[in-house]
Amino acid sequence: MEASVSAAVNVSILAMSVIFTVLVILIFTIKALVKLIPYEAPPPARKVSSSRPPGQDDQVAAITATLAAHMGKRPDEFRIINIQSR
Amino acid sequence: MEFSFSSSASKIVHSTAFTSLESGDIIMLAVACLLIYLAIWKKFEPLLLLPMGFGCLLANIPMSMMASTDTGGLLNFFYQGIKHEILPPLIFMGVGALTDFGPLLANPITLLLGAAAQIGVYMTLIGAVYLGFNMQEASAIGIIGGADGPTSIFLASKLAPHLLAPIAVAAYSYMSLVPLIQPPIMKLLTTEEERKIKMEQLKPISQTVKIIFPVAVTIVCCLMLPGVTPLLGMLMLGNMFRESGVTARLHETAETHLINIVTILLALAVGSSMTADSFLRLETLKIIALGLLAFSFATAGGVIFGKIMCKLSGGKINPLIGSAGVSAVPMAARVSQKVGADTDPSNFLLMHAMGPNVAGVIGSAVAAGVFLSLFGDAGSGIDTHAALAPIIGTPEPGMQALATIVEAIKK
Amino acid sequence: MEFSFSSSASKIVHSTAFTSLESGDIIMLAVACLLIYLAIWKKFEPLLLLPMGFGCLLANIPMSMMASTDTGGLLNFFYQGIKHEILPPLIFMGVGALTDFGPLLANPITLLLGAAAQIGVYMTLIGAVYLGFNMQEASAIGIIGGADGPTSIFLASKLAPHLLAPIAVAAYSYMSLVPLIQPPIMKLLTTEEERKIKMEQLKPISQTVKIIFPVAVTIVCCLMLPGVTPLLGMLMLGNMFRESGVTARLHETAETHLINIVTILLALAVGSSMTADSFLRLETLKIIALGLLAFSFATAGGVIFGKIMCKLSGGKINPLIGSAGVSAVPMAARVSQKVGADTDPSNFLLMHAMGPNVAGVIGSAVAAGVFLSLFGDAGSGIDTHAALAPIIGTPEPGMQALATIVEAIKK
Amino acid sequence: MEASVSAAVNVSILAMSVIFTVLVILIFTIKALVKLIPYEAPPPARKVSSSRPPGQDDQVAAITATLAAHMGKRPDEFRIINIQSR
Amino acid sequence: MEFSFSSSASKIVHSTAFTSLESGDIIMLAVACLLIYLAIWKKFEPLLLLPMGFGCLLANIPMSMMASTDTGGLLNFFYQGIKHEILPPLIFMGVGALTDFGPLLANPITLLLGAAAQIGVYMTLIGAVYLGFNMQEASAIGIIGGADGPTSIFLASKLAPHLLAPIAVAAYSYMSLVPLIQPPIMKLLTTEEERKIKMEQLKPISQTVKIIFPVAVTIVCCLMLPGVTPLLGMLMLGNMFRESGVTARLHETAETHLINIVTILLALAVGSSMTADSFLRLETLKIIALGLLAFSFATAGGVIFGKIMCKLSGGKINPLIGSAGVSAVPMAARVSQKVGADTDPSNFLLMHAMGPNVAGVIGSAVAAGVFLSLFGDAGSGIDTHAALAPIIGTPEPGMQALATIVEAIKK
Amino acid sequence: MEASVSAAVNVSILAMSVIFTVLVILIFTIKALVKLIPYEAPPPARKVSSSRPPGQDDQVAAITATLAAHMGKRPDEFRIINIQSR
């Protein structure tokens, strides 16, 4: 029993070292990346994680058009900011 | 065949499950109901525990052929997806599609918190060995402390398939208990001043970096720990779908219907492995106790390392975000937020805690990779035949017939 | 290899399907077009009959390798999902996710109407035995009267796989004909007074009961008839996803894309089993005749039992809702509504008929379970090897080679 | 032939009995359940079968906000009851 | 087992991929990154090249067990879907669900342009044979000129599986390059007057014709070329789901989540076959050169035939729509539109080019069918066992043991 | 080599002939179909590729109802033409 526990301790120390080594390498990789490619104002059209944006556009357009048509105002007098579909 | 009334009636009576219902089955049916109860009324990871509990229910109806070991049964087919390590990587692809690594990239040093929280894995490993488990079993049990269901299932199916059921149950149950387990430990280990530390706003990250990150992680981590490639690689592929901006269709599928389908199959299969034989044993109790230990030590490890980082950074890092390093995304990060806000309602730690939180996912995958390097046999391809034998049968009957002929010739 | 112009041309000519097109194939191509026509222009269960007809079309193009029996062909792969009874339970999970058992819970006595309608199953069983089918075949034919496609396919693939194609076609065709078959029988068996009976409004049901119901059904029915667990258990799991309120993601997937994918695979596979060999036989005509018998008797059984319940309840139950006990959800319930409204336009029976309607689904599953208890071999796991042999091949060639060696040694 | 038909009749009677037995047990189970757990006014927030409720909430919020913003009324002066997405 | 610190450390070091990283692997990792770069930043068919590149990345991490040849590995399981020709037909079902054959039906003569563009296939075939490929390989390479990914993968997996990786990469890369490759060829081969020709508006088509069309194509083409049934039949089934108007559910699933899931699996599997062994060879360079030839000749063939049709029709057909006959839907049609509009901005060719564009899909499938008639072995069912052997293992070890016994008896 | 190239040429000529034969047959099939079943004004309700139309109806209804309720006008005084959900 004792032998196996000491083996487990050995394995643990070793494994934690490996984990820290791997993640420290990863940290430096990330730091290098971030330094090499600094943040710039993002392309405004790219909304990466939005699902089915066309549908959204259509919905916004439809609601806008309805409101505009109904109230006799021009659609560009008001704006629907967002209908988040998820 | 005769179909007299009495013989038929007797056949029906004998084919009811009551005739072979044993006390173990009844206990397991109760366990199944308990899991379903916890899923629905206590909201314990319901997406997994509900189908898992239902799978357990089905598997423990005698003669229903729904246990994971019933060759040719429905859930046995789904179980092949676990045995061959197909389903957990697919889940991880969905997780990747759902995960925003932005906060981690904005503050990469928090990866260390994701590493520190793995101490729970190893305290548990030692404890498990002490309780008599062998090294492979102890590794699979220890990874419960990683607080990642798919990682636990992946590793258990590889190193200790006979312990899959209790390990999966423990992993998901304790993950749900994060809001109960963590706060007392966090408060115990931190001072009020530490909990009040406000962190600087995260700096924005270029989309290009977000796109390159998954490739970088795959190359760096998988080259060092190739065993974890199916898990970590698929996580990163899912994230690639998300961040690339050119695969919106695949991203949507990966994060919705594909992960949902795989979750149903995986959870049913895990549940089907919860039979009386495999679950009602002393080991299960030990694993459940060790799982609690794992989570507590993981939390403590994260918080203590957070305190160290707080010191080294001159008080810029709030140690409460350390506990999020256990993963359990996004619950653990919310716990950090809540404990922080309890002390100072104007303190918003959520986004800061998301860094160590997603780092914990990578950390546990790396920990699993280390175990696979140490205890996984590289030539696991050879296992496939044995693994498929239950479905496709073995050629042995024919073999034996021939062997009999050979015997006959001998004489 | 030579590729002279003339030899190549001859090779192409010989590889066209015309060279081996037989009259049976042409008839089956016409049957396929008929099914597609019925699906699209007559709206006969189009979600199933359209892909089923198309599968039949593909399977009957000679040398296309698309019949269910063409080992290694595309539809043969899909067919494994029927042979191993994987696809029907998955469909049933989706059906469960789509089904509201509320009306049944509000008026549980209507379960008896779902039981009574099963008389059609047994009249057909007796008729089928009379026409020379054996007991297993007769059971699979009888269950057509249960008016549940997946249940029919599940049972046929287990008890009489060689009759799968005509049974599936009959089941889905008659299900579509419910609005034509039922009304005359219903009007014949009821008086105008009975048809005018207005029923009390259904009382509301606690959500907790709706959540517990699937577990209760699973435990009660599957313990008594374990053979039906894959079907009934998955139906109840799908319903659990719906009612639990905590698994909205899984519910949405189960009732939309998952059931759709499985429907495509299942219907194509069933269609691919409609080859001239298996379909153009006297049995098919008998099955189609028996199927009509089954539906008619099921309808009559439900209505007559409805009349009995009407009497016993002192005229509180409109016997028209009895015909909905055949299942064919929700069409049969709409027929009850329509026949009721024809007599008295102010009579709304729809929600009352939904009770026996969903009871019919459970009733047919239970009927299938009884057949499995009587005629299914418990050790069906052993069949798996034989069942997979067409895909994975048999070790026989090697065996025979060795046997030859052994022979040689003998001499 | 006749023997097998009579066997079929036997099987049928038996099977119908089993079906009625099973379903009668189920009826009593349901009755017990309904008696034990009577209906109460349901928690209004729990709409069980609605898919993607967050999206719905967002949509309702967006429409409400648009209407409010455009007409110069407070959003709580009116209410969108339901946008059933299926 | 001993777990001393030093032995464990040495085990971990030896289990890193670095120990077996060879120059070929490094080159392939760079190729993977190049594919990912092209997919994301150059928008080269990102839905396929991104997961394909990522699959290549994973497969070339040594010891990760992610190559298509690593029995029991994750991507090896996905690869079975290519080997057994399951995934390409499913993709084609989705393509059919996404395709509107209306413009083709309005102007069926444009089918000839889809035929003429296949000349690229045969020029490449001849070139490939000249460069030393055998007839099967040359056919699989030639079909790159058909500009249809699934068709190329289907044919390659059947006739020349060892060339799958470079063929798939070439097919998808050149498909993305259509807007660069085609315009100069189109301008070279047409006069300004020809490019200015305005075409008559397309006449509307009855919905009934649109519904019957898929059945007609299946019967006509598959009877003549049965080998292509899995591909063409499933394409037409998908289109049936779209046009029938009664299977909206199946149509939606086929064109969204089902095709997305299959795309992920297919692309990963193709990527996993891009290992140094199979990819870094002279053949790959030849195939890439031949692929460019194929696309150029296909474009030229379409345009030249367009000029002939222009003449014969008395100047009613703009030859620019001929280049759309290569398929690559809808990009090639857009190129026709753009080149036409460059000459005369008021010239709208898009809808006219959609006819030859979708005709090109049918044309390539027919071309593949001809190759299968000539070079595919009809009894391909026999291959299945051998094909599954890597997963299920061979019975040989047991056989050999028995053979040893037999040997022993002999003595 | 030369023999195989000439074989390839043979195969190519043959294959192109087969392709043209098959597609010409298909052309005549289509022409026959189009002649037999001429175009008529389509049934206006049949929108083939629209996904989940019921949801759309409900959404249109909900938006219409909200607008109507809020502004005190009858719903049939205005109309939302389309909320295309994909």
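Chains here go by letter, A, B, C, D, E and F, matching the order in which they are written, and residues are numbered from 1 within each.
Assume a contact is a pair of C-beta atoms (placed from the backbone, for glycine too) under 8 Å apart; a residue touches a chain by one contact, two chains touch by 3 or more.
Here the structure is a predicted model, which means the values were calculated and not measured.
**Q** Following contacts chain by chain, what is the lowest number of steps it takes to reach chain C starting at chain B?
**A** Counted as steps through touching chains, the separation is 1.
**Q** Please flag the chain sitting at the greatest distance from chain C, going by CA centroids.
**A** So the farthest one, by centre of C-alpha atoms, is A.
**Q** Between chain D and chain E, tell me the centre distance in angstrom, where each centre is the average of that chain's C-alpha atoms.
**A** A distance of 46 Å separates the two centres.
**Q** Quick check: how many Å separate the C-alpha centres of chain A and chain B?
**A** 23
**Q** Quick one: report the Å distance separating chain C from chain F, using the average Cα coordinate of each chain.
**A** The separation of the two C-alpha centroids amounts to 31 Å.
**Q** Which positions in chain E touch two or more other chains at once?
**A** Residues 3, 8, 12, 135, 224-225, 244-245, 252, 256-257, 370, 374, 392, 395, 402, 406, 409 of chain E each touch two or more of the other chains.
**Q** Counting only residues that touch at least 2 other chains, which ones in chain F make the list?
**A** Where chain F meets two or more other chains at a single residue, that happens at 7-8, 11, 14, 18, 52, 63, 67.
**Q** Residues of chain A touching chain B in their complex?
**A** 1, 4-5, 7-9, 11-12, 14-16, 18-20, 22-27, 29-31, 33-34, 37-40, 42-43, 46, 48-53
**Q** Residues of chain C touching chain F in their complex?
**A** 2-5, 8-9, 12
**Q** Flag every residue of chain E that touches chain B in the complex, lowest number first.
**A** Against chain B, chain E makes touches at 1, 3, 8, 11-12, 15-18, 21, 29, 33, 36, 39-40, 43, 46-47, 50-51, 54, 57-58, 61-66, 70-74, 77, 256-257, 260-261, 263-264, 268, 391-393, 395, 398, 402, 405-406, 409.
**Q** Looking at the complex, which residues from chain A come into contact with chain E?
**A** Contacts found on chain A: 7-8, 10-11, 13-14, 18.
**Q** Using the touch definition from the top, list the residues of chain E that touch chain F in their complex.
**A** Spelled out, the residues of chain E in touch with chain F are 104-105, 108-109, 111-112, 114-115, 118-119, 121-123, 125-126, 128-130, 132, 134-135, 138, 203-209, 212-213, 216-217, 220-221, 224-225, 242-245, 248, 251-252, 359, 362-363, 366-367, 370-371, 374.
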